[in-house]
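Before anything else, here is the set of structures, which you'll find just below.
In the two assemblies presented below, chain A is common to both, partnered first by chain B and then by chain C.
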Partner chain A sequence: MSNPAAKRLFKEYKSLSSDPPEGITAGPVTEDDMFLWEALIQGPEGTPFEGGVFPAELKFPKDYPLAPPKMKFLTDMWHPNVYNNGEVCISILHPPGDDPHQYEQASERWSPIQSVEKILISVMSMLAEPNDESPANIDAAKMWRNKREEYEKVVRQNVRKSLGL
Partner chain B sequence: METTFDLPDSTDWIATALPAFEPLEAALRCEMCKEFYMNPVITSCSHTFCSLCIRRSIAADGKCPSCRTTLSSDKLAPNIAVREVVMRFQEARPKALELARADKEQETGIEAGNNKKRKLEDTDLEDGEDVRQTRSRQTRRTRRNAGSSDAPVEIADSGDDGDGDFLPEGIAKCPICNEAMKQELVFNHLDVCTGQSASQGRSTRSKTKNPFPGALQRRQKEPSPPPARQSQLNYAMMKEGALRKKLQEIGIPSWGSKDLMKRRHIEWLNIHNSNCDADESVRKRKKQLVKELEEWENTQGGRADTKESKVMRKDFDGSGYAKSHKSDFDDLIAQARKQRAAPKSEDDKETNGNADGVAQKDPHPHPESLLSMPDTPISTEQKPQSIRQNGVEPQGLYNHGSELGTRQDGAEFANHAEANSTSEPVESTTASQEPPIGLQNPLGSPSRKLPMFSMPEEPVKELDMFAT
Partner chain C sequence: MAEQSINIPQVIVFAVVAFLVYRWYSSKPSANGTRPAANRSVRINPAQIDTIAQMFPQLNRRDIAWDLQRNGGNAAATTERVLSGRSLDSAPASFQLPATSTAAAPIRPVAAVAKPSHPDLITRYNLSSKLSQTPEPTEEKPRAKAWSADRNERQSNLQRKREEMILAARRKMEEKEKASASGAVA
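And now, the complex of A and B:
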């Protein structure tokens, strides 16, 4: 526990469990390894994701919080900012140094004062409002832009699938 | 791990009678490590962090984590006021939290009319003395509550055990000797004040000030001059040898590649310079700092990788691994078996068409190293027969070429062993175990090193264990 990264993760875990933000649960998969977390995110209300509960996996680097974790959904997600393999692509998860997409402001990106909670809240609002400027899933982005109804239908299907219905 | 559950945290206040202390405490904690500020420093953009945290962050990207201003670590200045506030708060915290919790319990107890529950939870507080005290306070407060429904009167109490700074109106203290007198008299007194009791005043202060027991106080007695901050080196201009020498001079480990030494030196600067920002009473010795560097070495430095693999092994899912890699193992086993059956005869056939295979494999590593991991294939060979029978094709499709190459190799080695006329059976088994090594190429990614390849031995054994 002398490891500052593990210590900080434990603190975050504690504060997340004693004061959880609405619609979000997160914690390490096992307490022996603080660097792999699982999170459950509720689909925001008023969106096609409503009613769904989406499991995701967070992998933290050894030098956390200097570098951001990686986040990956463990269910099928049809969303402009989620890769087909489930990996989430939003600005808060990108270190400020490299900007592969050249569209994010430095202030939106990862910094050591961000936290798991802020990431998960950002992801939740990303579900509600996709950013189609630089999509990770181009097909989903196109569908979202041009055929919104169809997009919502696919999303709802995934929601049902994720609930095992 | 259990002890870490006690990690104090600002959310401790949420469920108490003083939820407003939650943001207060959060404000006294570093935003990076979420601990109470430790040797806080203020940046040129006026943000405050632990010295070590901000130094590490600057070493990583040179920017303020809060506002992204470019920072330089030699512009950091100790934030003494914050240091003091944090220290005081930490002193007051346990008691305050205890009271706030007790208060909440009482409230709920009264609401529910459930005295039993309250008592039960009271006894959860460990120290007998403390409990008694809280109880007496509680009862006192209950009485007061009965009169006026105002609970926060308690705050007045806290002044009692303070340093007696309270003065009646019209009375002031001499700022030098701390003596109380009428306000008008202070100025006159100042002219003649010898400051005689100044040392006394200060000493009482430092008595209350130093919350750190024994060991640290003793250290204070032998005051050392404040250590000087060390500056970064120009790593690009420095030759490896010079850097190594420099590390030796400083007295920190000097092994490893140049890059590792550079990272180690940067971390050393972080640790050392942050210690320079510490209050004298909590300043650490070099020995301790070197120990901290060692911790870094184990988690992020040169020994990090081996450590990681140990962690992996601890909760390694042996049977799962065995299942998912079964076909690989089967291939290996099949090859090893084949080779042991006919190392020489096949060798003759294949030498013809396999010139490039030989060329590829010719710079063979020292056979001694192979001898050092004896008869693994043999022990695995007999056990997983059952696996093999329902298993996949014995020969992998993808590694045909390399298979030939290694077989070649194995045979070569066997010959070599014979030539050495050490005709013990062990030698021939070492020959038969070459295939796994040859297979490294088709299977392995360059980043995977030895540990992964010593795996096959383990899961198979484990599978056996599971079976029994």
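And now, the complex of A and C:
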């Protein structure tokens, strides 16, 4: 635990456990490796994701919090900002300067004053409000834009399937 | 004539040997002195300065570079220092800022196209045996301490929280489907 990155992650784990945000559970898979976490995010109410619980893994770099973690859903996600392999693509997970298209404000991107909690809350609101400016899943983004009903049906199906129904 | 033609290579050999001997002697006494000198001129990676400058736009690049220089190029230490509210010392006038590199923007790897199929949550967390159990009344159950000093207890608390979250979602979804099914029949 002499490693400053592990120390910081432990501190975040403690505060997330003591005062967890609504609908979020997160922590290291085992405390032997503070750099691999697993999170559960509840689908926000009033969205097709409602009722679902979505597992995701967070992989932290050795120089955290200088660099952001990578986040990957471990369930089928049909969402404009989630790649087919589950990887989440939102501004808070991008290091500052790593934005060749200038879509994002520097203030929205990763910096050491952000936290795991802020990432998870951002991802939760991303589920409710996709950003189709720079989609990771182009087909999902098209469907979300043009055939909203169909998009919601796919999402609901995935939610049922993930709950084993 | 013959003497002279021998002399020129001799002179050259002498000069080379003398030069090597001089080098050997002159490098020897400074061997002890090179260490601190090398420390003083740690090569700072301009990319590190860029990173920190982007995080804290209010900081002077020279001060960032000076701090990095003194802590041996440890960007994490500099960041910690700024975050903890201690301001950076201002760089002395003699300090030279390393040249900035025009680093190419890193290219984000293209995500793999292969689509793995995921097991459902009940399988993933091995909850099928707990599905049939009636949910305990959560209100009355003494709430486990959110943070335990014991590492194993923490781990099992987290595990239980995950399971509760999934089982609650599953039951809610089942009830909702039952309700909508009976609503359709009635």
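General remarks:
Throughout what follows, the second predicted complex is superposed on the first by the 163 of 165 C-alpha atoms of A that agree within 3 Å, B and C clash if a C-alpha of one lies under 4 Å from a C-alpha of the other, contacts with A are read in each partner's own complex, and residues count from 1 in each chain.
Convention: a residue touches a chain if its C-beta (ideal position, glycine included) is under 8 Å from a C-beta of that chain, and two chains touch if they have at least 3 such contacts.
These numbers come from a predicted model, not from an experiment.
If you put the two complexes together on chain A, you find that chain B and chain C bump into each other.
With both complexes placed on chain A, chain A has more residues touched by C than by the other of chain B and chain C. When both complexes are overlaid on chain A, the residue A:G52 reaches chain C alone and has no touch with chain B.
Within the superposed three-chain model, A:K14 lies in touch with chain B and with chain C [touch as defined at top]. Once the two complexes are overlaid on the shared chain, A:T75 sits against chain C while remaining clear of chain B.
In the superposition on chain A, contact is made by A:N85 with chain C only, not with chain B. Once the two complexes are overlaid on the shared chain, A:G164 sits against chain C while remaining clear of chain B. In the three-chain superposition model, chain A touches both chain B and chain C at residues 4-5, 14, 18-19, 30-31, 63, 65-66, 95-97, 106, 111-113. In the complex of the two chains, the chain C residues touching chain A come out as 50-51, 54-55, 75-76, 79-80, 83, 105-106, 108, 111-118, 120-124, 128, 146-147, 151, 154-155, 157-158, 161-162, 165-166, 169-170, 172-174, 176-177. On chain B, the positions that touch chain A within their shared complex are 1, 4-5, 7, 9-12, 14-15, 31-35, 53, 56-57, 60-61, 63, 65-66, 68, 295, 299-300, 304, 308, 311, 314-315. In the complex of the two chains, the chain A residues touching chain C come out as 4-5, 14, 17-20, 25, 27, 30-31, 38, 40, 42, 51-53, 55, 63, 65-66, 74-76, 83-85, 87, 95-98, 100, 106, 111-113, 136, 159-165. If you check the complex, the residues on chain A that touch chain B are 1-5, 7-8, 10-12, 14-15, 18-19, 30-33, 62-63, 65-67, 95-97, 106-107, 111-113.
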